[in-house]
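The letters A, B, C and D name the chains in turn, as written, and every chain counts its residues from 1.
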Amino acid sequence: MYEEFKPTDPGFAQRVRDSFDKQGVMGHIGATLGEVRPGYCEIVLPYSDAVSQQHGFFHGGVVGTIADSAGGYAAYSLMGAEDGVLTVEFKLNLMAPADGEELIARGYVVRPGKTLTVSRADVVVVKNGQPTACAALQQTLMRVADRSDVIG
Amino acid sequence: MYEEFKPTDPGFAQRVRDSFDKQGVMGHIGATLGEVRPGYCEIVLPYSDAVSQQHGFFHGGVVGTIADSAGGYAAYSLMGAEDGVLTVEFKLNLMAPADGEELIARGYVVRPGKTLTVSRADVVVVKNGQPTACAALQQTLMRVADRSDVIG
Amino acid sequence: MYEEFKPTDPGFAQRVRDSFDKQGVMGHIGATLGEVRPGYCEIVLPYSDAVSQQHGFFHGGVVGTIADSAGGYAAYSLMGAEDGVLTVEFKLNLMAPADGEELIARGYVVRPGKTLTVSRADVVVVKNGQPTACAALQQTLMRVADRSDVIG
Amino acid sequence: MYEEFKPTDPGFAQRVRDSFDKQGVMGHIGATLGEVRPGYCEIVLPYSDAVSQQHGFFHGGVVGTIADSAGGYAAYSLMGAEDGVLTVEFKLNLMAPADGEELIARGYVVRPGKTLTVSRADVVVVKNGQPTACAALQQTLMRVADRSDVIG
């Protein structure tokens, strides 16, 4: 389903996990990393009051947060061991109520670049075990050379 | 600076505040409502670990969450007393590190519509009292007629 | 590669072709329809001065025009025989110079809806027979019930 | 209404006009440059068959093309005499039918940057002398240092 890429840094998966663990907001809302491959990253978020909107669904901003992170880490997985990454911009379609017990965001690189990388992410909400596509993201990421401390 | 609109519902400001208070995620991250006018809404967010990324700045997803809410409530302020509102999609540019003690998102309606409304939001980060423009959003909202319980 | 959908209108392909033929701008720039399937539409554009920018590549606005049309007709292919369709908004990443003899835009539906449909389009530029991904689009379309004359 | 910027290159206005004149697609569809100020650029397009969609309105792709160019030249006006500029991506909301005798796109810089600049553009359609807001754009531009030949 997703294009195969060759990683620059063989330690990419551990580098993604280390960076993810340092993000305050991810731990705070209870998000965890799923599968990480070259140019691909999955983030899983269980439902809680901390991520809800008024109606008891996942908040759109939270959906955007994990979609942005999934696409960003997909891009980051293809970068060098000493690189950082910044989200330049993203666009998110909220296509169905995020009504369920779990969100899964799958981010993947559309085109990697020396400076700018384009990613997409697909988000499904799982209710009683059944997934429904609820959001679609397209984003632009910037590589920050030799600044492995910069992730955002 | 922002266009003036005439509200449909004279009780629009209280309606916006009541809805905001019911959003779990807004209270959870410590966001509060500022000024609310017809077609305009301000949201303020102080810095905390709950909203940080790895580098100690506000997380991009959090910036998007309050920008989305500010633009959404700007649109909602022009809707009828019994209406709900949904974010169809938004696009967010992250223009500078959100490095500071406070974020302020100012959402405003560009064009209200019977079904779809287009809003923009400008986000500044305040550091040592000095504001810096750090994000710009453009979004599409949908009015949900006679479903005042639907906000997202 | 693309999700399979069941068309509402069995005459969808002819309906898409008839509508395409009536678009002044498509004929004017020399664009033609390629494959049309339920939820999928291809548009092909040969290079000419009429679609160039200063450097002799395809103009970014032209790339957006055919990507928008490809995603829009993909959505339209799933609608009813009497429906019209409008582009609510689109977001386009220009990922590489559109340098070549031909552009091909492939539009496909991500999620069809009663009112709003989300599509994506991938654009490649072909140079000396070799395709390069040069643009990616994500867009929102609106069905206009019983207004088959409305396409835009 | 628009922020005031100080140009880097005092010859910015002539540089914008020279570049605009070299764009095949702009002349081809009949677009002309209006006012050019530091961080601001206006493009005017009269109606013709070459820019129409099926219903006799301006085609959405054409609206996007001139909005993209207006925002791009607004960014370019703040760059150096030897710089080029590329559109990284743009997002366009089509808010009303572009039904009229003339389109006017007003592009303006939201935040200039060393590498990336964020612009917005507002498009009005003029019918019987009355303007109606019909489109809103937000975009990301990249400065290409010392490549004044690169515009797109």
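General observations
Keep this in mind: a contact is a pair of C-beta atoms (placed from the backbone, for glycine too) under 8 Å apart; a residue touches a chain by one contact, two chains touch by 3 or more.
No experiment lies behind these values; they were computed from the predicted model shown.
Comparing the CA-atom centres of all chains against that of chain D, the greatest distance is found for A. With centres set at the average Cα position, the gap from chain A to chain B is 22 Å. Each chain gets a centre from the mean of its Cα atoms; for chain A and chain D, those two points are 33 Å apart.
Chain B and chain D, compared by their mean Cα positions, are separated by 28 Å.
Residue positions 88-89, 91, 93, 140 of chain C are each in touch with at least two other chains. If the chains shown are joined wherever they touch, the resulting network links each chain directly to all the rest.
The touching residues of chain D, when paired with chain B in their complex, are 1, 91, 93, 95-96, 110-111, 113, 118, 120, 122, 133, 136, 138, 140.
Here chain B touches chain A in the complex through residues 19, 22-25, 28, 49-55, 57, 59-62, 64-66, 68-69, 86-94, 97, 149-152, going by the rule given at the top.
Note for the complex: chain D touches chain A at residues 88-89, 91, 115-116, 140, 142.
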